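To start, the structure itself, in structure tokens.
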Amino acid sequence: MSKQLTRRGVLKSGAVVGAGLAMPTIFTSPAAAYTNEPKGGTVTLGFNVPQSGPYADEGADELRAFKLAVEHLNGGGDGGMMKTFSSKELKGNGILGKKVKYVTGDTQTKSDAARASAKSMIEKDGAVMISGGSSSGVAIAVQGLCQEAGVIFMAGLTHSNDTTGKDKKANGFRHFFNAQMSAAALAPVLEKKYGKDRKAYHLTADYTWGWSQQASIAAATEAKGWKTVNNVLTPLATTDFSSYVAPVLNSGADILVLNHYGGNMINSLTSAVQFGLRGKQVNGKDFEIVVPLYSRLMARGAGKNVKGIFGSTNWHWSLSDAGSKAFVKSFGEKYGFPPSQAAHTCYVQTLLYADACERAKTFNPCGVAEALEGFKFDGLGNGPTEYRKEDHQCFKDVLVVKGKENPTSQFDVLEVVEVTPRAQVEYKPDHTMFKGGSLGKCNPGA
Amino acid sequence: MIDKLQNNDRMLMTLFTLMVLAGPILLAPFGAGYPDLLQRFCIFGIFAIGFNILFGLTGYLSFGHAAFLGVGSYSAVWMFKLLTMNVIPALILAVVIAGLFSLLIGFISLRRSGIYFSILTLAFAQMSFSLAYSVLTPITNGETGLQLTLNDPRILDGANTTGSLPSTNFFGLTMNSTAKFDFLGMVLQFNVGFYFCAVMLILAFYLAMRIFRSPFGLMLKAIKTNQNRLNYTGVNTRPYTLAAFVISGMYAGLAGGLMACTDPLAGAERMQWTASGEVVLMTILGGAGTLLGPVLGAGFIKYFENIFSKINDNVLHSWFSFLPDGLEDLIVWVLHFFVGKGWHLTLGLLFMMVVIFLPGGLLQGASHIIDWIRGKKQSSSTQISNPNSMPAE
Amino acid sequence: MDAILLQILNGLDKGSAYALIALGLTLIFGTLGVVNFAHGALFMIGAFCVVTLQRILNISTVTIDPTKTDFLGNPLKVKTPYIIEWFGEGAGMAIINWSVPLAILFAIPIMLLVGYVMERGLIKHFYKRPHADQILVTFGLAIVLQEIIKAFYGANPIPTPAPEVFRGSFDFGVLIGMAENAVIYPYWRLVYFAFSALVIAGVFAFLQFTTFGMVVRAGMADRETVGLLGINIDKRFTIMFGIAACVAGLAGVMYSPINSPNYHMGMDFLVLSFVVVVVGGMGSLPGAVLAGFTLGILESFASMNQVKGFFEAIYLPSIDQIIIYLVAIVILLVRPRGLMGRAGVMED
Amino acid sequence: MSILEVQNVNKSFGGLKALQNVNLSVEEGTIHAIIGPNGAGKSTLLNCFIGKLIPDTGTVNFNGQSLLGMKAHEINQTGVSRVFQTPEIFSDLTVYENVMIPCFAKRDGSFSLNALSRVKQEIDVHEKAEQMMEDVNMADKKDMLASSLSRGDKRRLEMAMCLAQDPQLLLLDEPTAGMARADTNNTIDLLAEIQNKRHITMAVIEHDMHVVFSLAQKISVLAQGTVIVEDLPENIKGHPKVQEAYLGGAH
């Protein structure tokens, strides 16, 4: 015992001595106030999106939006949402007078690869901000990296509660909504549409996002009087969901909730529709399917199967406010088709970052973070929005959508059923599903 | 020349050491001289060297080695969370746990050989991945990956009062500190983490060389060429293969531990079978059964993944802007399938070429070229024994 | 009871998918002695034949409808497929509606060609190389093929719906006197199952009852002897490879309404079907079919909450994640050469 | 004194009785040939000696120790080496490395994690291996790849590998099968020389009567799974039972 103690003591004192010795001057980078302080006439942003792997198409759309945003920031194009943005700091002369350059990388939708790619942008290309991504695992991993490296992370598409919940970071900001907000927005609409007395059967992707999505939606619907009959976890690698869908009809449930995203969502939805669930009557009611998180790009993969199925989305191109219209116009004219919600959130995040730099008059992450915290704005497509100081989550209205019955084009897959106001989806920062973890202090690196 | 080098250990070792230590200078002109990629070169070099001890020497093709890498990473991160941010205990635990895990899997899988062995290792690795991704989330933090948090105990380091995450360190030298120098318009980055990994790589290489030259290594080569004869020569092949399996598993664990040291996060994807496939690609691409080959292959693939994949259309256009517009567009259009997001395609084609035409890997190709330049027409292919035959039962 | 019946149905369906791919894999291995890691890619190419046919059928003329607007507020461009212009609304729509079954006809020549090119262009040179080399080169080929498909069709799944008449499901429960909706099963999956059974039976009949098949079977048993008899085995093996490619491709065609085709579906299936082949015993055709159905049914049962609950009690939660691998490991350890494997195959 | 004692060995495969009550004893220091027509059970018997097959009943004792149930490498470690019908060598390694492996196996036993010493510095093994190369007249070929040797040289190499272990009993399975006359004679000379120099006991399975009668000091004739005669060579030649067995009982 005593032996162990002394060894521990030695190790410990070693660490302390080491800490005292730490950082001889040669190891500090020369004279920068923060990581990658831009010195010349340009500033570099890093766009880290999935270019290979199952989310490559969403990644490509995000990249289009980033390019568009950079073009607008540098004064090119028609200015897009810069004209409708409530903050008027952006003049089309880059950020703080520096021309905006960008580098791109491939996350492969793997946390390792995403971090490697982000690291190379920071270490090699001198990026002061990293943005993009199409899954929560990647977002959380890259957010952690940016915190350690001392750059700002403007999350792309990430829907898990954890990104601004237990894994929130001072250098990370999320404009996209989350599972909790989806649930809060959907539940009243579902109640209105399908009634109070419903029995729900959940199929849930067996990993972090799936669990948090399931927990949120189950809690929200149960509060409206629904019962959760069963919750079955499905392995991530499942491609054929028949054995999970088959028992649903016989379970007494009259609603099927698919807590799936991406390929999982397409396949489980296709299975459910193939089994003819939607034509059936259970407990004297029409059987219905709910997909809490919709993505238009993904919904296209499911084809006609999505018709009439409810879900939520962060933004949709058919919105008619000035900001959305301006964005759809400049995106559509440049690329020939309307932008996805992933593209929208990435474009908005880039503008928000640029604007925060202008207002803070610095690229220093701590200054930028301070400018973003509690920032209230409008005109970026979601109505009045606020970056909450406590968890760096944007609060805004949430769209409840359903698969369109008579689409006029291949892009016209979803229609907006209701815009749930912000007050209904807002939760306290210490909500049970967001507990644990803390922002920590902003890290300027260097 | 490379063959000669392969046989002159002292020269090989010296040259290797110098090249690795000078990495930040040598690779800077190729855009690869930044710490993260340099660290990856070393880490995957170690991984591939270890894999080569199993595959290159005994011929047992494992499709599940990434599992050991993942286990190593998880162990190291847990050590950072619980004990101390010093890398040494983390690495020790990573190697030990990976060793134990490979002992277990090896003990079962090595009861079979040939493709049956490959499928068994694949099955184990896929199981490990599935479990780490979902069921074992309390230990692995699932999809997100295991990360450090502010309220980890870290018994030896004492309470954290800074409000920011501590860095991994080697008795006080933090892994992520970097000295930068401007040199001929390039920024040379000398990073502590890289040099730590580099020393590990050199040690790992040295150990592999000793194994290659030892009676034990000779026995492993004998297993690959004729297991039957070896049995009738009074040698029990099972413990030899198992030892090779465990050694290569420990190499993988070391690599995984180092990954956590340079970047304290452990994700489940690094255990997926495609990650195991990647180390197979590295080893074959470089040259299985050779000493230098796997390191070369690892460097090659990581360079592709990190540099080649970043060449987007803009970059291409800037390269070919001297050409007339139509021609420029045509060339860019053709190339854009192969670079940037098309890098997997190029990698796949290259890999096929190597398997078809250069069974000895790029190393063999390099020695062909050197021989050709020196006007020596004689082929060196007889020197490199066929590296890919599978063991007999 | 109804749940068990349901999962047996499911298992048969899943199993028939595994069995079809494993059958082709074993055919290639048994006849040519080649371990083909690119077999999953053939399955994927089959599925993309449907996508391609769909695209061809939907080649359209564009007319401008000034009364409607598109998302930018410009007049809407209305696309009318030529097929509808040529055959009229009814027949044209029917052809598009039946594009999946039609794709079978479309896929057969394509798959034969792909198989022929693959065998003559690449695989042929690997007959005498070690199995490890074959695995590696076909693995490389699989990557290349899937990247090519991705470059042309993108990464997102593309919906390929079954004909209208096969949507919805069949109520077995009512048939055998159970309650309504107790045991329902989609029509298309029944079609898929029937199709698989037909193809499997066809392949067996072909090998059993034709002279060609007899020679091939003899070649599987002892290639050298058959070669000595003056029979051009190589040519027949090329045809065999084409047939195996066809089987995989057709499996892909018929599977496309069940899973929207995407570029990585081949790799997804490859690992599983290799496990199936190895569990069945390398080179054994009945083994491949048996293992396919066994694993399919086991997987279906493992997904039931009752079963999961049972395993959870013995600390194996989410058994469905690992059931296939677990079973494969156990079978390989108990029966070293798989369920029906012969000695000495694939061990060197 | 008999070094290998086989008693009442029976082995059947399904309904086929491959060996019936086989009794055999090989005297120390002699060359004992086992002959018999095709399908007589010669190879089955040999496989029972080396652990590849386990007899249904009966005993196989080597130096008084039962070999039954032992694994191939364990049997080898007791002092039994085997030469195969087609030479089994390490074809991807050099001739010299081929000979070193049995030297290591002899010295270090069936397993040794000898991973950090250098092959170069194992002086005792080198001495032994060099000696063996000299003994089989292959010193000039020691750096060649084993796969590039002629068939005769491969056989010679295999012999050297077996002898490097200083076996007490050497089992030879048709050592001259498929060889040209000249190579056969060389092999006979080699075996005779080994016998003279080292007095190693050998059990030879052979088809070629020329080889058998040039070498053997005792012969067992196997037919239909049983030993019909065991005698000195001169008594075997005209033995009626042997003629009957070989001519299929032509009356």
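Read from first to last, the chains carry the letters A, B, C and D; within each, the first residue is number 1.
By definition in this document, a contact is a pair of C-beta atoms (placed from the backbone, for glycine too) under 8 Å apart; a residue touches a chain by one contact, two chains touch by 3 or more.
Bear in mind that the values here come from a model prediction, so they are computed numbers and not experimental data.
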Chain whose Cα mean lies nearest the overall Cα mean: B
Furthest chain, CA centroid comparison against chain D: A
Centre-to-centre distance between chain D and chain B (centres being mean Cα positions), rounded to whole Å: 45
Length of the line joining the C-alpha centres of chain A and chain B, rounded to whole Å: 32
Approximate Å spacing (C-alpha centroids) for the pair chain C, chain D: 52
In chain A, residues with contacts to at least two other chains: 52, 56, 206, 233, 235, 237
Multi-partner residues of chain B (at least 2 other chains): 130, 134-135, 344, 386, 389
Residues within chain C bordering two or more other chains: 318, 321
Pairs of chains, among all present, that meet the touch criterion: A-B, A-C, B-C, B-D
Contacting residues of chain C [partner chain A, same complex]: 2-3, 6-7, 9-11, 13-14, 17, 68, 70-72, 76, 150, 154-161, 167-169, 181-186, 188-189, 257-260, 262, 264-265, 268-269, 299-300, 303-305, 318, 320-321
Interfacial residue positions of chain A with respect to chain C in the complex: 52-58, 206, 230, 232-235, 237, 239-240, 242-244, 246-247, 249-250, 263, 266-267, 270-271, 273-276, 279-280, 282, 297-298, 300-305, 317-318, 328-329, 332-333, 337-338, 408-409, 411-412
Interfacial residue positions of chain A with respect to chain B in the complex: 8, 11-12, 14-23, 26-30, 51-52, 56, 103-106, 110-113, 115-117, 119-120, 123-124, 135-137, 140-141, 144-145, 147-148, 162, 167, 206-209, 233, 235-237, 437-438, 440-441, 443
In the complex, chain D residues that touch chain B: 50, 71-74, 76-77, 81-82, 84, 88-93, 97, 100-102, 104-106, 108-120, 122, 125, 145, 161, 165
Contact footprint of chain D on chain B as seen in their complex: 210-211, 213-219, 221-222, 224-226, 228-237, 239-240, 243, 247, 382, 385-386, 389
